[in-house]
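After this come two complexes, each holding chain A, first together with chain B and then together with chain C.
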Partner chain A sequence: MSYALYRRGGPGLRLVTIVGLVLFVVWSAAPVVWLILSSLLQQKALIARPPDLSPANLTLDNFVTVVASAAALGRGILNSLIVALFSTAVALALGAPAAYALARLSVPRANAIAFLVLATQMLPSIAIAIPLFLVISRIGLIDNVFSLGVVYLSFNLPIVIWILRGFFLGIPAGLEKAAAIDGAGVLRTFWHIVLPISIPPLGAAAVFAFVEAWNEFFFALILTRQSAQTVPLVIAAFAGQYQTVFGQMMAAALISVVPVIVLAVVFRDWIVRGFADGMMKG
Partner chain B sequence: MSIQMSRRGMLQAAAAAGAAAALPFGLSSHAAAEEALTVFGPLPPDPAPPGAAKFSEAAFEAWKKAHGASVTYDLLAWPQLHDRMATAFASGSAPWDVIYMCGWVPEFVSFLTPFADELPKSLVDDLPASSFETVTWQGKRYGAIFTLSLLTLFYNKEHLAEVGFNEAPKNWDEFKRATKELTRNGRFGFVANYGDPAGIGGTASYWMAFLQQAGGKMYGEDGMPVFKSDAGVAALQMMMDLMAAGTDPGSISYASINDSTNVLLAGRASMMMNWPFMWNAAQDPAQSQIVGKLASAILPAGPAGSASIDGTDAWTVSKASKNPALARQLVEFYLDAEVQKRQALDTGWLPIRLSVLADPEVQQKLPNAAVVLEQAKHPYNSFVTPDFNQVTQAVGTEVQKALQGQKTAAQAIADASDLVTAIVKRRG
Partner chain C sequence: MASQATFEQRRRSAGLFLVAPAIVVLLAILGYPILESMMLALQRVQLNAGEIQRSFIGLGNFQRLLADETFRHAALNTLYFSVAEVVLVVVLGFGVALLLNHPLGRPGFFRILLVVPWAIAPVANAVLWKWILNANYGVLNGILQSLGLIDYYQVWLGSPFSALNFLLLVDVWKSVPFVALLLLAGLQRVPSILYRAAYMDGASRLQAFRHVTLPSMRGAVAIAVVLQTIWSLRVFDLVFVLTRGGPADATVLLNFLAYRVTFNFLDIGYGAAIANVIFVLTLLLAILYIRLVRPAEGAAR
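And now, the complex of A and B:
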């Protein structure tokens, strides 16, 4: 529904719209609010039914405990940053030209190749876990953040290619023709004409790839030991066989999502424009 | 760049090399490098070794020094241990010397060495003989249990007193009656975690405890399932009766022992079957609303008496270990009487050594130690096999269906038996 339609509509339509939006915001924000609340409550308040939210139960102890034993969390955040930035940067560097080629150049069976790229995502992680572990183990790169980053490329690269391919398909042909008339080759056109107007979708793809890498758990579990552990593993450590320390787990989770939230806030315009462009033109 | 060496220099270098070669072996190896061991296990507060958990740290340092060893811990949250282990073993790249196991010995037996057959007699004699059942495969002992972790009954003595029970129910009839009478005032008489069918502590394993109480067993001498019996059906019927009498209906969705423990700690249920770890958690005011109200007892007896299952927390030694003898010595250190005592006093994880379990100081600090020791006098077989996960998945799923009223006890047990028979036949 457009804003104009909303303005023209009667009070009934406006009320329904507002109620719908409020419900949507509550639905979306509830998990985050609960995350924050849980991180500030004692375990016994959390396990009560209903949870005892009285101010007497509010505490910063969970944060104090998590920060006091911050070596693992700090190392986890640093590792996640390295892995996510590395795989995102390489995915963009390789994915953008690949997407451009599949979208704009005369590549034989470009659509089939694009679907083949997508098809790699259809394999369940467990199916490739052992071969992957074997290869990485044989070359001595278990517990290495860069080998983990390379593995993450296997799912980040297709994402980047598909997001950018959608955008590149919508670029007016006249732009490339004008560049060709001025003597620009394919590479120069890509570098000087196409990339500068592709910043929003590049940003969107980057944020998406970063978040995927930041949250990944399974490969991090099997391919790391102690030194390359990423944030999801550190957070999972608060859930043991016999005891789950919910408050501390939520405090650690809250601390660990800060970089992602900052990223999303800083690049929110690019994300929205990038995905909108990709969807409309793809 | 050229290097010039005088005749005197050459002689000095040769003399130094000769002297180094003449040093006693131990000294030269100390100077060269320490023997390195890697231990794979769970993060505390789950049962972790000295140096990982906070106990016997000075003794651990002394052991390393005395053995010229360095020990690296590769610790992971318990729920992720099996997956990492399975991947590493399957790819032939497991880098560990000493490995924690929890009912997985038969599954990974081809990667382990039967080191426990070489443990000193004085140590073995101080361990419950039945503690080796879950780490023995085809007559060889591949592991050593390091904490006596048996299911026992935990109950809120204040709740029980309110309905006239001055002690825990002793048999199935009392158990059902207590559950029914305790279900009042918005709380439930009993709570369990029936949400996850598989594994130690899953739905199937609870049924295994009842099965033994009813006088049944999982497998016959030929390895085929024999639980399609009166005992198998009676065990499941008991669980269903408890459900109807007043088991927290949420039990069918509580996937881990954490969930059901929290219900008891919040005072919303009165009884549960749980592991020894619960004692300390219940005494912590930060997480428990029943401080000072918890008591424990052996599991109520069925027609054949009381019985339980074993948590099977064990240390094993990898077949690929470059230092199997040193690895075995490290496990012996973990089982040292003083280390076991500190394990109990400082972490709350009960020892496995009988002499330490009987230690007055341990029993005073952990009153449930005597109960677990008493429970250990009754059967506590967890029936682990190489396909334990598949078996318990199959049985547990059928038990869940019965608990939800989708099948009768007899029907569920018959179907479970068919499924397990097929699994065992596939194993060959």
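And now, the complex of A and C:
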């Protein structure tokens, strides 16, 4: 038996793997397939027992109705976009240099600082929500997308710092030494040498932060009223309000998740490498 | 030697310059709320005609916790939910990681399937599953009845035990992909020379798995366990949309209880006390996480 064959395993292992992969595909895809199918079926097909899947019942009406009638959804998407882009951009701009400093530059107590940054993530949102609410209402910024975006920095900054620090720790020291010998200062080295080779982890951190902000529900629930409501709030309200119009509910939910799913699928390799590696390193 | 010292000094001051803005911003957003929430936990806070009245009561709120039946119930729910979730997610995640690490599981299609549940918002996920589990028209009822596994449509979220377990199922579905990604990264870090050595020594596949794969994965699994425990303590959106804590408080987890006490009962000091209990629990887990990560890093070098 050759080594390659050994690594692949015998027919028994192949069979187990194939069965496992099939189960995995069904388990992961079935709920998503049902989400898509329900959004494309008429109400009468959905409330048949069991649901009537004949192609004659396929329709785009659910999407048309949702887009036309739910102005809240459009505003929610716009708000989520602003909040997510804002908090991701600021988190990257502040977090990337900080992560580099904590990983490579002899900042005193770098490990303790990195741990404290992570520890902020352990704080249940509920613990800081009340004081935040009191402060933000005192300065009159409740129901404002930018105050929500600033609050989102409280989790997006730690995420970015933690992912990038894991990557920066692994950069060979020779690279910085060579730059220093060539006369480049620390900031130049960071900007011209380190950042260009860090595109994948930067991308992973950006996608991660964007997805977290886009999906966040709790702070949005407490800190917005109407004009700054983000997509998850609109969907939750919609599901409460029209809970018997199943097709429209699924169409709205589908519209709300498509942007992040596209991002995650397109940048999946970055996420896999960037995030998983970041989390595995001290 | 002298130039070495200035090199280090310059790196240090540049480091402080680069790290300061992020830390200042984090402190500005979180510093006051953290201290304030600890203060609130030590106070009785009452709302009288829109005015907030606060009086210091020491550990009174925490004493109340000990005697509170609802809190005990929520703590037990959380214990069951977290333990079951961690076990299921890590075991299933490990299984998926092994599948995707096999040559047959390499195609990108499988990775696409993995990131989709991860990216779906918890709220959208909850809405989707509420529809799947619907007692009158849900597709789960439809499938099970068509297969002859149930006689009548079931109210899956209607009885306490069943509701808590379906909550668990839905969260497991969403959480497995990420842990699988984490463990897949761990599997790909196992040096292939170890497998080659096992092959040369005539070890069977199973022996190689037991004596090479499992020991090498100890660190990654430990990290996954701790992270997943922390995440399972944070579950909120799912409870809020799917069950609102019912039936009969069967799905009230600690995080949701803190929310309900604070924002529905307006018992702000008591809510803060519950939140601080969750905080301390998670912090202990975080310290454990850090201790686990350190040796894993050393071994990877």
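Definition applied: the second predicted complex is superposed on the first by the 233 of 282 C-alpha atoms of A that agree within 3 Å, B and C clash if a C-alpha of one lies under 4 Å from a C-alpha of the other, contacts with A are read in each partner's own complex, and residues count from 1 in each chain.
By our rule, contacts are C-beta pairs under 8 Å (C-beta built on N, C-alpha and C of every residue); 3 or more make two chains touch, one makes a residue touch a chain.
Only a predicted model underlies this, so the values are computations on that prediction, with no experimental measurement involved.
**Student:** Which of the two partners, first being chain B and second being chain C, lies in contact with A:47: first, second, both, or neither?
**Tutor:** both
**Student:** Applying the document's definition of touch, where does A:196 land relative to chain B and chain C: first, second, both, or neither?
**Tutor:** neither
**Student:** Just to be sure I read the superposition right, which of the two partners does A:225 touch: chain B = first, chain C = second, or both, or neither?
**Tutor:** In the superposition, A:225 contacts chain B only.
**Student:** Is A:174 in contact with chain B, with chain C, with both, or with neither (first, second, both, neither)?
**Tutor:** Neither: A:174 stays clear of chain B and chain C.
**Student:** Should A:242 be classified as contacting the first partner (chain B), the second (chain C), both, or neither?
**Tutor:** A:242 contacts chain B only, not chain C.
**Student:** For chain A, which side has the bigger count of touched residues, chain B or chain C?
**Tutor:** Of chain B and chain C, C contacts more residues of chain A.
**Student:** Check the residue A:137 against both partner chains and state whether it touches chain B (first), chain C (second), both, or neither.
**Tutor:** It touches chain B, and chain C stays clear.
**Student:** Between chain B and chain C, whom does A:24 touch in the aligned arrangement: first, second, both, or neither?
**Tutor:** After superposition on chain A, A:24 lies in contact with chain C alone.
**Student:** In the superposed arrangement, which partner chain does A:13 touch: chain B (first), chain C (second), both, or neither?
**Tutor:** second
**Student:** Check chain A for residues that touch chain B in one structure and chain C in the other, and list them.
**Tutor:** Shared contact residues on chain A: 47, 49, 129-130, 134, 221-222, 233, 236, 239, 243.
**Student:** Which of the residues in chain B end up touching chain A in this complex?
**Tutor:** 42-43, 45-46, 74-80, 83-84, 87-88, 90-93, 95, 102, 201, 256-258, 261-263, 265-266, 268, 275, 277-278, 281, 285-289
**Student:** For chain A, which residues count as touching chain C in their complex?
**Tutor:** 3, 6-10, 13-14, 17-18, 20-21, 24-25, 27-29, 31-32, 34-35, 38, 46-47, 49-51, 94-95, 97-98, 100-102, 104-108, 110, 113, 115, 117-132, 134-135, 150-151, 153-154, 157-158, 161, 169, 180, 185-187, 190, 211, 214-215, 217-218, 221-222, 231-233, 235-236, 239, 243, 246, 249-250, 253, 256-257, 260-261, 263-265, 268-269, 271-273, 275-277, 279-282
**Student:** Show me the residue ranges of chain A that touch chain B in the complex, using the header's touch definition.
**Tutor:** Residues of chain A touching chain B: 42-44, 47-49, 61, 129-130, 133-134, 137-138, 142, 221-222, 225-226, 233, 236-244.
**Student:** So in the complex, the part of chain C that touches chain A is made up of which residues?
**Tutor:** These residues of chain C touch chain A: 7-8, 10-12, 14-19, 21-23, 25-26, 29-30, 32-34, 36-37, 40, 95-96, 99, 102-105, 108, 110-124, 127-132, 134, 136-137, 139, 141-143, 145-146, 153, 173, 177, 181-182, 184-186, 189, 195-196, 199, 205, 219-220, 223, 227, 230, 233-234, 236-237, 240-241, 255, 258-259, 262-263, 268, 271-272, 275-276, 278-279, 282-283, 285-286, 290, 293-294, 296-297, 300.
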